[in-house]
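First subunit A sits with subunit B, and in the next complex the same chain sits with subunit C.
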Partner chain A sequence: MSELNIEATERTPAITLSGPPWRLSLSGESYPEDVSAFYGPVILALDEIVASAAHAMRAELSLVYINSSSIKALYRIFEGLDLCRQKGQRIEVCWRHTEDDDIMQELGEDFQERFPELTILIESQ
Partner chain B sequence: MTMSTPLFDLYDREKQLLAEGPAVLASGEAAQIYIFAQRLYERFSKVVRENEDLTRHSDRQEQRLVKLNQSLKAQTRELDERRHAVEELSRQLSKYLPPQIHEAMFAGRYDTRVSTQRKKLTVFFSDIKEFTTTAESLQPEALTEYLNEYFSEMTQIALEYGATIDKYIGDAMMVFFGDPESRGVREDARACVEMALKMQQQMKVLGQRWKARGFENPFVIRIGINTGYCNVGNFGSEQRLSYTIIGGEVNIAQRLESQAEPGGILLSYETYAHVQDLVAVEERQAIRLKGIARDIKAYAVKGRLAQVSPVLVLQDPAGVAIHLEPQEMDSASRARLAESLRQLAGQLAPDA
Partner chain C sequence: MDISQAVDMRNSLRANRVIMAYNGAVSDELMVTLADLLKHRMLSNDDPRRSKVVFSVFMEAVQNLIWHGRDRESPAGMIMIAEDDEGVCVICGNRISRTKSTELGHRLEQLQNADKDTLRQLYREGMSRSADHEGPGAGLGLLEIVRRATSPISFTFVDVDDDSVDFVLAARI
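And then the complex of A and B:
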């Protein structure tokens, strides 16, 4: 099973994936030149986790700025997490945004609405 | 983990569905088409939801950008206003500060700590002969007008010669050369004397102008110049500083000024030593100063030494006169003229 450790750049967030139990973390800005190429490894790794034996997973997303293409990638990540949940895994998502960033707060709320069965906690920091 | 691992496309599922479409439709099998339509419906529903969220997010970002842009414009306006205010302040301050200090200060190069250093400077003093009496004979408005004109013209000359204007003391001017910029002691002294000559020359022009305007006894100034070591820098306290010079040599310059003839320039020996090829002088009685052991030799400037520049003159009884100043011509012009004269001489010769 692939573990990930991608360092942040000016345009892309730091991504780590380790486990089991799985722990996924995304933090930083997200406006990659090629969203498919950047998020592909995360999405494929999640697909592998979905197909593997059940394990708990905690995902922490602390994104500062995110472009529209990256949201499409996040949808795929949330779908993967939701599939894990459907398979009976205990999934916990923590969506963090900076205190005065209402855009990121509202985006977290959009995901809550789209994936009502997932436990998505929204935290202001 | 590298970023180039298996080629991945975020829209792979949608594209896959689209790719299957033609074959399914061409098959004409209702069951197959029904299953396909269901998958298409599910995927399309998700895409629509995603698209709604993406559009909403994009609109929020756009709204933030618009606000940021407005805020940026407001800040730019405010910065512009502040910049104008600083420029205006700088312009006003420039009238109170020596230009070199003003320039260094606004370029962030000026140290405003209380600090001084010893430096060899050429110090200049001037004042108006019998100013008090002259002032009493003038209406205050006229006095202000003439005095402003006098200071404006003298200041202009001082700045042209690179002087540091220390201060105006009543009708007197205190100026020096050698700090904050120096061209070397000798060049500083020469610039100062050149400036003094120009000032006296301009005073004559001003005198004529003033007389024509009804100023019966126009201002006449005395000038004293000395070169020597002074303390220069910021004097005062951390609260209030004055960029100036102090020291015995400053007093000598002032004393020379007081001993100068009206309309004249009196130099100390050291200043004279730097300009002896520039001006003709007459040695005056040495000056004694309290606190200074040596006598101060004084030299009154009588005028510029004639320029050592050969003038070629041809005066012929036939009525031909040629007056040439070769130093005013470049070498090509000189060669051309020499050739023309040779040709002329050739034509003039009796056997030609």
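And then the complex of A and C:
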């Protein structure tokens, strides 16, 4: 019920969500014209997962560029993941950035700082 | 404008090493078109790190213009990107209400004087702040610009009439 398969556009990332066990992936650029309309289904799907039975989740985030209003939406996604963790589920987040991209690296660190109890691995590729 | 004025203007753009100059209404559609252009230009740049920062500052600045513009159709928008020996300068402007300018001026003065650690802390706090009043990014865009600029940002308000001013912001990268 909560599965998603959104194809990437020039200004929005590819998003897939499948499971259980849940696997969420976001990759590409993010500067949609309407952030709420674009990320709404993802946040809704995560809310459903939070409300459902316990299952592990792995999230892979490989974003190239993300604007500040998308960061707000991503924050909501992290909140959903953190709620799953609080329910005792094993949650793993992998934050990938290209080598030398200190902007995305710092953003990964900012999320680590805001969600200290969530396992967030930052990987440089 | 006659042809000699156009040539003078072109010479002035060249002398100031202007990469991009736009005057007119700023819309989401325009932003995407210019972003695309900038992205392609940057692919040929030999400093990918700086290119990425320029792109990011450009996007936040233009989104800020779109959001805070007094009138979405207002033709008072401007976008300029120029190079110099030290780097790239992104300059954006738009018409805003005079009331809004006071608040914005105070906010920008605070950010101008903040050190890197304070800016990062403000940014982290801003990530979760509700977007009710300050636009879709609730001030995060301005923080991103200030944080990425290699020297303190500069800004000015140009008087238009009793109700409006033109807000211009410059960030060096």
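Definition applied: the second predicted complex is superposed on the first by the 125 of 125 C-alpha atoms of A that agree within 3 Å, B and C clash if a C-alpha of one lies under 4 Å from a C-alpha of the other, contacts with A are read in each partner's own complex, and residues count from 1 in each chain.
Rule of thumb we're sticking to: a residue touches a chain if its C-beta (ideal position, glycine included) is under 8 Å from a C-beta of that chain, and two chains touch if they have at least 3 such contacts.
Source: prediction; values computed, not measured.
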Looking at the combined model built on subunit A, do subunit B and subunit C fit side by side or clash? clash
Output check: A:Lys72 vs subunit B and subunit C. Expected answer is one of first, second, both, neither. What do you get? both
Contacts for A:Ala51 in the overlay, against subunit B (first) and subunit C (second): which applies, first, second, both or neither? neither
Tell me which partner A:Leu121 touches in the superposition: subunit B (first), subunit C (second), both or neither. neither
On subunit A, which partner's contacts cover more residues, subunit B's or subunit C's? B
Where does A:Asp100 make contact in the superposed view: on subunit B (first), on subunit C (second), on both, or on neither? second
For A:Glu10 in the superposed arrangement: first (subunit B), second (subunit C), both or neither? second
Given the touch rule stated above, what does A:Ser2 touch, subunit B (first), subunit C (second), both, or neither? first
After lining up the shared chain so the two structures overlap, which partner does A:Ile43 touch, if you call subunit B first and subunit C second: first, second, both or neither? first
After fitting the two complexes on their shared chain A, where does subunit B collide with subunit C, if the options are 22-30, 58-66 or 76-84? 58-66
Subunit A positions touched by subunit B in one structure and by subunit C in the second: 35, 67-69, 71-72, 75, 102-103, 106, 110, 114
Of all residues in subunit B, which touch subunit A in the complex? 1, 3-11, 46, 49-50, 53-54, 56-58, 60-61, 64
Sort out for me which residues of subunit A touch subunit C in the complex. 10-11, 31, 33, 35, 65, 67-69, 71-72, 75, 100-103, 106, 110-111, 113-114
In the complex, subunit A residues that touch subunit B: 2-6, 35-41, 43-44, 66-69, 71-73, 75-76, 102-103, 106-107, 110, 114
In the complex with subunit A, residue positions of subunit C that touch it: 28, 32, 35-36, 48-49, 52-53, 55-56, 59-60, 63, 120, 123-124, 127-128, 131, 135-138, 140-141, 143-144, 148
